[in-house]
Amino acid sequence: MARVTTGITSSHIPALGAAIQTGTKGNDYWGPVFDGYEPIKKWIYEPGNMPDVIVLVYNDHATAFDMNVIPTFSIGCAESFAPADEGWGPRPVPDVIGHPDLAWHIAQSLILDDFDMCIFNDMKVDHGCTVPLSMVFGEPSEWPCKVIPFPVNVVTYPPPSGRRCFNLGDSIKAAVESFPEDLNVHVWGTGGMSHQLQGPRAGLINKEFDLNFIDMLIKDPETLSRMPHIQYLREAGSEGIELVMWLIMRGALGDKVRDLYTFYHIPASNTALGAMILQPEETAGEPLNPRVVHSGHSLAAAAE
Amino acid sequence: MSDEKKKERIDIHAYLAEFDDIPGTRVFTAQRARKGYWLNQFAMSLMKEENRQKFKEDNAAYLENWNLTDAAKKAVLARDYNAMIDEGGNVYFLSKLFSADGQSFQTAAGSMTGMTPEEYAQMMINGGRSPEGVRSIKEKY
Amino acid sequence: MARVTTGITSSHIPALGAAIQTGTKGNDYWGPVFDGYEPIKKWIYEPGNMPDVIVLVYNDHATAFDMNVIPTFSIGCAESFAPADEGWGPRPVPDVIGHPDLAWHIAQSLILDDFDMCIFNDMKVDHGCTVPLSMVFGEPSEWPCKVIPFPVNVVTYPPPSGRRCFNLGDSIKAAVESFPEDLNVHVWGTGGMSHQLQGPRAGLINKEFDLNFIDMLIKDPETLSRMPHIQYLREAGSEGIELVMWLIMRGALGDKVRDLYTFYHIPASNTALGAMILQPEETAGEPLNPRVVHSGHSLAAAAE
Amino acid sequence: MSDEKKKERIDIHAYLAEFDDIPGTRVFTAQRARKGYWLNQFAMSLMKEENRQKFKEDNAAYLENWNLTDAAKKAVLARDYNAMIDEGGNVYFLSKLFSADGQSFQTAAGSMTGMTPEEYAQMMINGGRSPEGVRSIKEKY
């Protein structure tokens, strides 16, 4: 039987990809960000931790989908997915290799569970999908595991509610558990944390909101999932709405989780960045040491 | 009828109205999506290298291929992102434009705030824009 | 305020379009079918009955959507939709003119109601959408009202359950009622009735199933909506699954309805054909006279 | 957790397994959809007049453009719709093929039953195939 062993959250900021590409990831600005991911990278390459398959929840940033097709929940069921050209040429990273057996199984199961999925078989993936892979796996010539891209609309309003996302996660969990093959499955929730990329309010960061979100995600996702969209918009900036996707990951982990690692950094370009490793309590491993890392201005402010 | 049917429904008019209460922010609702349809589709076209070349050779001529309002054309030519968003543009679509220009998300986002790129970058390093006072126009908090 | 005043069901058999196109709709084979629609046509052109907008629920028959995109519930929000070329050139019928204001309103409302819609803005419509229009409106140079195409996946398994469809109808009703403009809205459920287009079992017709379906649709849709897919497949043939779309229409009419007209005919090409006019009881008009019409073999068998 | 989460779930394996119990019927599940991917995409290509022309000129040559199994190619060339469906074809996709051939849904469907077109048409006029005995292989009802 397949199991969801781990949830990972990660921002998917395009500038992180650019930092890798331009060889600036060790500089003063980007160094602390990549340092904060180092424990995740180390952890995932340890024996037993490498997933067979990642269900990678992200939003397409007007890349595979334009104004002509706006699917709420999608799942990529193809053999592979090439990186998209988002205006500066495709990211020079390996193709994402899918897991059609598991992907179709999840798609079918979710539809039986009253989620109105949109299945895609020919789809390019953007930074939302590939930047988290780069941050966690570095720069291998091919990704070390299979990936099922799971795009969620958070661009055109209304996106799905936090509640709907949380329940979807629970159904993903059930779907994975009914897959007969013995697979270590991760669910990754990407995007966030607080940021706004548009208008005179661009640059908004809300550290209190973000840290509370992390806390509630671990301890009380049930309540967190009931937060209305307007609160994300007011508190976490217009693009902070991406955080609803973290609730899909969280829903897939069951009632109680252990937080193995939490990294929080301000700023990465326009954004407050969060990256976590969570595991279902019954099967959780040991927390990393240190268990919580803050850096950038988030650290400075904490030290005040 | 069924239990599911007795669910409490969100009032969509109230839901949408609240979005206008956030200072300096345009939420990409149906209304904006419809207004910006061609502007956003123009931006999407820049995902192809050959289109980027054509666009670079002659911005104005390229824009004639798209069913844009004069305001949208003007905004694109001036790279005025606030004006593009007023015309229904969405930043993820428009990112194809500033990426084709070789500009970063930070430069583009900063250009909408009235700050210089340096001032904006420094604000971010200092912890970003505080939400204090910019959560709600009406409630001023 | 807009209201769902009427539900219409109709088969959408391509051969009906062909009969119109080849001028054979008056012959011995097709005459009774077109005769059976005559009362509906007459009724809809009477004062007060013409809708401003039809939400036309149908399935795309591998036309706008191929194996690369399989959306469960879609809604067409564009200004217009051209007839698709399904292999023999586009049907020579007018473009379908949409109602973007209402369509987007419904799309947004349904997403807030936890339906994971896929919005389309550039979409061709196939016989599933245009044949019912031809059957009810005849051959005008333009359709007499606006149409919001609402494709539902019933091709790749699993389609949505009858229950999910019924609940969707209820949410469409609520969405229409929260639209401020005063509009007469119809919801049409198309497809069916019993038929199978494939394999050695092709040609299956189940009159008892169909007549019971019609009866339950009027009187007890709640119970009917709980019928599992396998029962449609066994009893109504592999393409009889299209009948789940009638439950969307029925869900949009509220608890109690009056059946103004029911037409049932065997066979139209491979298919048992059903066409009905239903209205919410509180605002229902007078039943037509005759109220129920059977023809073809369905009549012969009834007379036995 | 939440009420919604306590919902009874359908066992997908049982759900899918039942489909194999219907005589003379192939339900278009993921498994079939995947097997028939290229066959169905080939059929979709016939929605364009220029492709239909090319296909008509030389069936076999046109099929070389698609990643088809030998069995699928053979089935298409023979217009053996049962065999195409065995190869993962779906009748709505395949309808583009018989439509391009100028054939009706009735002729195509009838061709899968082993009856002549006239016999099939007459069976339909007589009320169609009875469900009696062809609902379930196991239960024989």
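Residue numbering begins at 1 within each chain, and the chains themselves are lettered A, B, C and D in the order written.
The rule we apply is simple: a residue touches a chain if its C-beta (ideal position, glycine included) is under 8 Å from a C-beta of that chain, and two chains touch if they have at least 3 such contacts.
As the structure is a computational prediction, the values presented were derived from the model and not from experiment.
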A-D against C-D, pair bridged by the larger set of C-beta contacts
C-D
What whole-number Å value describes the gap between the mean CA coordinates of subunit B and subunit C?
39
When the centre of a chain is set as the mean of its C-alpha atoms, what distance in Å lies between subunit C and subunit D?
23
Between subunit B and subunit D, centroid-to-centroid distance (C-alpha), Å
45
Counting only residues that touch at least 2 other chains, which ones in subunit C make the list?
67-68, 108, 112, 114, 121, 156-158
Check each residue of subunit B and list the ones that touch at least two other chains.
15-16, 29-30, 33, 37
Which word fits how the chains touch one another: line, ring, star, complete or other?
other
Interchain contacts (touch definition) - all pairs:
A-B, A-C, A-D, B-C, C-D
Could you pull out which subunit D residues touch subunit C in their complex?
15-16, 18-19, 22-30, 33, 37, 40-41, 43-44, 46-49, 52, 81-82, 85, 90-93, 95-100, 102, 104-106, 108-110, 112-114, 120, 123-131, 134-136
Residues of subunit A that touch subunit C when the two form their complex:
67-73, 108, 111-112, 114-123, 156-161, 164
Can you list the residues on subunit C that touch subunit D in the complex?
13-15, 18, 61-63, 66-68, 84-89, 155-158, 194, 196-207, 209, 229-230, 233-235, 238-239, 266-267, 269-270, 272, 296-298, 300-301
Subunit A contact footprint on subunit D (complex, rising order):
1-2, 4-5, 7, 9-13, 15-16, 29-31, 33-34, 37
Under the definition above, what is the set of subunit A residues touching subunit D in their complex?
77, 100, 104-105, 107-109, 112-113, 121, 163, 166-167, 170-171, 174-175, 178, 222, 255
